[in-house]
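Next come two complexes built around chain A: one with chain B, the other with chain C.
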Partner chain A sequence: MKLTFWEITPITLFVIFIAPVALVLYSLTGEYSDNWTHLYEFVLTGYIINTVYLVTGVSILVSIIGVGTAWLITNYNFSGKNIFEWALILPLAVPPYILAYTFTGLFDTFGTANNLIRDVFDLGREFTFFPKVRNVPGAIIVFSFTLYPYVYLVSRMAFINQSRTMLEAGRTLGLNKFETFYKLGVPMIRPAIIGGLMLVIMETISDFGAVDHFAISTFTTGIFRTWYGMYDIETAKQLASLLLIFAVTLILIERYSRRNASYSNAMSLYKPLFLTKLKGIPNTLAFLICFTPIFIGFLLPVMELLYWALNYKLDFFNEKFITTAWNTFYLALIAAFLCSILAVIINFSIRYKSNNYLKVMSSFLTVGYAVPGLILAIGVMQMLTYFDQSLISEFSNFILTGSVMGLVLAYVIKSYALSSSTIEAGYQRINSRVDDVARTLKTSGWALLAQVHLPLLKTSFLTSMLLVVSEVIKELPATLILRPFNFDTLAVYTYIYAAEERMYDAAAPSIAIVMVGLIPIIILTRMIRTSRPASRD
Partner chain B sequence: MNLISKLLTILVVIFVTIANSFASEVNLYTSRHYDSDDALYAKFTDATGIKVNVISGKGKALMERLASEGSSSPADIFITVDAGNLWKVHKDGMFQSINSSTINSIVPENLRGPNNEWVGIAKRSRVMYYNPVNVSAEEMEGLTYEDLSNPKWKGRIAIRSSGNMYNQSLVSSLIANNGISATEDWAHLFVGNFARKPEGNDRAQIMAVANGEADIAIANSYYIGLMLSGKKGEEQQAAARKVELHFPGQDGRGAHINVSGAGLMKNAPNADNAVKFIEFLLSEEAQSHIVNNTYEFPMLEGVASSDLIAQFGSGFKEDQTSVASYGEFNPDAVKLMDRVGWQ
Partner chain C sequence: MTALEIKDLNHYYVKGKNVLNDVNLELEEGEILSILGPSGCGKTTLLRIIAGLEKETGGSILMKDQIISDHFHTVLTENRDVGLVVQERALFPHLTIINNVMFGVSGSKTERHSTAMRLLKLFRVDRYAYNYPNEISSGEQQRVAIARAMAPNPKILLMDEPFGTLDQSLTNQLRVETRKILKDNNITAIIVSHDFDDALSMSDKVIVIEDGTVIQSGSAKDITHISREKSVKFSSIKANT
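So, the complex of A and B:
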């Protein structure tokens, strides 16, 4: 068999994308230190129990919030709907650890909220109104309200493109509104929901900042404790490999469970959406259901950050700050564009060549998300230094490690999974008969991609850009370890203060992260809204 | 490759080589990231014309980058706020000896590497804070870390989680002096005396004592200066005014000392500049800049601590335990804290 561009490109890219993960897994072939005995005897069980609680709680809450709001927005008209539609994505701009800091600032024994209640009701110092938040339930709330947009976005996209005919048939056959939702609407978009949920789960298990702040021992804090405290990075990598294996298992179970199901629409006839107008109590309820996640996940932390910034640090807006914001912005855009283009090319190759091996490989690219960012970043760094020392040094003096190019490469490797899952979902909605028609017309691969697929993939492409931009703007571990001299991004700026829990100083750059993240979110959601095939505008 | 691109490559190589040989610079990898350090680097550049390039990050992560880059690393100096990290980099053979009689005469032996591979730049102590409303000065008199296992302190002690490196260093120093099993017995009782599940940073512990949630807090010395300065807001300033600072072990070994320190990389491309930079950090100008901005204790004798911290007594007795031992015992300390359930 002669390999063409459509095989060589994806294979090469897969190798590069999977290499950092492979470097982590490689630790399993090495020696197992005595520290394993210690971990096993004293702490591992605790780590696992906390992690399982966390993942279960977050999965349930995120599904309810993400799918519920997406359904309401897609099918109903109610007060504030036009704002909620894009505002529901805003928490994406708030990293979980920032919400964690906000929560302790508000709800600790002598936090703002408890002090306020004491003042208003003239209660004694021993009275504490709000329950403690530095625990697993607190962490579940923090992760759910910052990560639900992943599920909201994919569900919304899937609901928008869902065939109305089937839902209408359901109604005719006697299903009520709620039954239509959970018996037809949700099962039909299950792959999309699961795709979003996978990302949420992996981000939750790999997070360090928020759980560390709450002093909850999870698998990931254990990894860092082993590395930082016991000076044992090999055991840390072996622990991280277990997270990888867990993620792979999840993906396999998911694939197996829908092995025979087909989810493409029976008819691709699109009808314009007719939204049901809600009045009275249903209207108020819908309003509250959409407002609460935005309030907790976005307004609350932003208000607290603004309060900190205004009270303690107003001199942040200077030349250095502008350079930093610019660095962040252009890196995020370049990485987002590269990721999305590569995802289109790879997913096109898989479809065009009907290559099942590539398809399976592609579904495993998300596993990198299950590894704590810094551990993965070290894998990326080792790969870059390998290039530097073995390949590039033969030809030139250019050093990839510590260059902006190296940084972009690291972002692309880290975020590619976000793009790929979005573009793949987009491709699932393009009827394969379109390709057959093109083939009978002897259209070339490139022409099919550029003239037929790309226009149909517009929504997915924009969503992919959006996800990667918000990811890169918040990205910290790879930036910290791979950046050039004297080079900051907003996330680094925030970290430098937040690491010392100097949240007042960290507030201004945190707000900037949110602001820079808002620009693409607002632009892209506007474009997504108008992208339904049958929409008029 | 055609002729033109070959020529271009040669030109670029020549240009880069020339540019490198003329540029006078020093490259830092640092896990210290205070705004005031930038001002300090600017002072060095003004005085010497040597440009300071900085990458800041987490200590352990920077150490991985150093290891991964190996001999091609551009780093000249590694700066960190924990002696354990310096010990580890030295143990992995990535430092070289610093040849400077100036530096050797300033830094005491227990605060540097065996062959001067790294030296302390500024000192901090891990001290106790107490609320005079709940604890009298007489009760605190001569109190050591070891004494805190006494049941009389049950439910009265605030300290942050064991994941924190300052706590790990403190326990390492106890292991270095008392051995593992004695330290484990102590830690077991000590953890039983906690006023609450460990939460928050060092300043949060001081706040807890000011609020009356606990009677004694263990936290680093410079935090009280930072809080009293008002840089952290009025609330923290007011809280700091309510507490007193106690240097532990004044009748015995002395108060636990840790350092911000700098090491010279083995493959430093600008080793001469690097030595000049470390000498500068130990100069009177830099030392008084550091003590007045970060409220650490000076390494150079004759430089006075900031008034905000000196008011609690400047001539306290320092523990002479070699700070390098913190690194050596750190893994034992972490496991010990796991065993006694110190969260």
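So, the complex of A and C:
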């Protein structure tokens, strides 16, 4: 069989993406140290239980927040709706570890919130008003309120593309408005919700900053402790391998649950939704439901960070800051563009070639998202070292290890799942009959992609860029390991200060991360709004 | 001249369970053929195989005496010179009506534009040339879909349940209009339908397929007499779907 570009590209990417992960997994075949035996006998069960609690709690909460707000915004007109529509994405700019820092700063016994109430009511230090947040429920809240936009974005896109006629059919069959939501609206966008939820779960299980700050033992904290506390890199990689197996299992479950789902709309039959105007109590409730996640996930941490920064120092608009912000931004844009283009090419290949092998391969390309950044960075570094030593040195003096290319490669492998899931959801909305007709009109391959698919995937492409940019700006461990010498990003600044509990110092670069993260969110959100056919109403 | 010839065509997805059995047919240039049968009988599969969207598991297809698909080689869809109209219309939503119709036409921009406008005028939708598909009615969308498929001047026009989602009066009107345009322009066409009236009012020839096998073939007039019973059967299927 003659291989074409549409088969060669996925195979090549599969090799490049899997190699670092395989290097980590290879550790399972090595020797197991005493540290491993200790971890296995005494702490591994705890890691698993805590991880399962976190994943379950976060999944439930983000589904309620993400899907609920997306439904309200798509189907109703209420006070503040036009602002909430884009403001609900704002928490994407706040990494979970920054929300965790501000939560402890706010709600600890001598945190800002408790102090404020004590001062107002002139009470003694023995009074506390907020429950402790350094525990699993606290972490669930932190993850849920920073990660729900993943579910919100995909649900909103899917709800927008739901045809009015289908929902009206439900109403005529006796469903009330709430039943239409959970019996018809939600099941119809199940593939999109599951796609968004998988991103949230993978983000949760691979996080280190927030759980470490809350002193919750999970796989990632275990990996870091084994590495930095016991200096046992092999056992750390073996632990990471277990986490990886868990992630792969999740991906397989997700694929299995979506195996027969085909929810594409016949676009020519699409009828945009009518918006219902809410008044009185329903209007207030809708306002509160949308305001609360923005308040907890964005306004509260930003206010606390500003309070810290203004009370301590606000000296970050120097040359170093501008260079660092520029480094962060251009790296994020390059990675986002590469991820999105690759996701389009891979998903197009699967659709165009109708090849199940390519489909399975594509699932494995998303594994990088569940690999903790530090472990992925080690895998990438090992791979690049091999290239430097065995291949490239033969032809040139250029060294990949420690170059921006290595960093971009790690970002692309880590963030590809975000792009793939978004582009895949976009493709589900393009009726396959459009391809059939295009082919009879002598349009195939690149022409079909460029002239038909790309214009229809514009919204998904922009959403994919948005997700990757905000992800890369927040990425810490991979940056620390792979950054070129004397090359800083904003995340590196924040990490160094926060690790030393110097929260006032961490405030300024944290604000900068949030601000830089906001720019693409605002620009891309506006572009998404104007590019949607349904937004013409 | 024979526009299309299908010889001993077989097709299956699961070995031993054929969806098409030894289908043979011949279509002269300018003739309109209807493939009639209940849902799931294999008629759409046959159309997709003619278009090259699926590869038959046995038999051969010839267009104007040239083999376009057999055991040894296959001409890709994009090189077959066929036009396709589907029930869902599948108009490109990001393109205006005129750009939809110009899409598959080759030549200079002026030539492409003039071809597209001629067809839009023929189907009386030229006033919507610069509108988007979601801004016109279903009947107008279907006219545009047929115009788009005809624009590159294909050897054969394939139509899969072209009027399936339209109301009866619009369907009747479009049947008459489409047949006139096809005949005036000497276009060879195949229409897949489960509606007996489509076949009766539009075609010169009809074949009836059941469970992947051609059970009747002949002129529309012959089938009218022979298949009264089938007609009732298909109508009841249509009413139930």
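By definition in this document, the second predicted complex is superposed on the first by the 527 of 537 C-alpha atoms of A that agree within 3 Å, B and C clash if a C-alpha of one lies under 4 Å from a C-alpha of the other, contacts with A are read in each partner's own complex, and residues count from 1 in each chain.
Basically, a contact is a pair of C-beta atoms (placed from the backbone, for glycine too) under 8 Å apart; a residue touches a chain by one contact, two chains touch by 3 or more.
Bear in mind that the values here come from a model prediction, so they are computed numbers and not experimental data.
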Superposition on chain A - do chain B and chain C clash or fit: fit
Touched partner set for A:Arg433, first chain B, second chain C, both or neither: second
First, second, both or neither for A:Glu168, with chain B first and chain C second: neither
Touch count on chain A, higher of chain B and chain C: B
Which superposed partner A:Glu179 touches (first chain B, second chain C, both, neither): neither
Contacts of A:Leu441 with chain B and chain C, given as first, second, both or neither: second
Overlay on chain A, chain C to chain B nearest C-alpha distance, Å: 37
Doubly contacted chain A residues - partners chain C and chain B: none
In the complex, chain A residues that touch chain B: 35, 38, 42-43, 104, 108-110, 125, 134, 212, 214-215, 217, 221, 224-225, 227-233, 311-312, 374, 377-378, 381-382, 385, 388-389, 393, 395-397, 399, 401-402, 477, 480-487, 492, 496, 499-502, 504
Contact footprint of chain A on chain B as seen in their complex: 9, 12-13, 16, 27, 33, 53-58, 60-62, 64-65, 68-70, 72, 74, 88, 161, 163, 165, 168, 197-201, 203-204, 207, 211-213, 232-233, 327, 330-331, 333-335, 338-339, 343
Of all residues in chain C, those that touch chain A in their complex: 48, 51-53, 76-80, 82-86, 88-95, 103-104, 106, 133-134, 138, 141, 145, 148-149, 152, 154, 158, 165
Chain A residues touching chain C - in the complex, by the definition given at the top: 266-270, 431, 433-434, 436-444, 451-452, 455-456, 458, 533
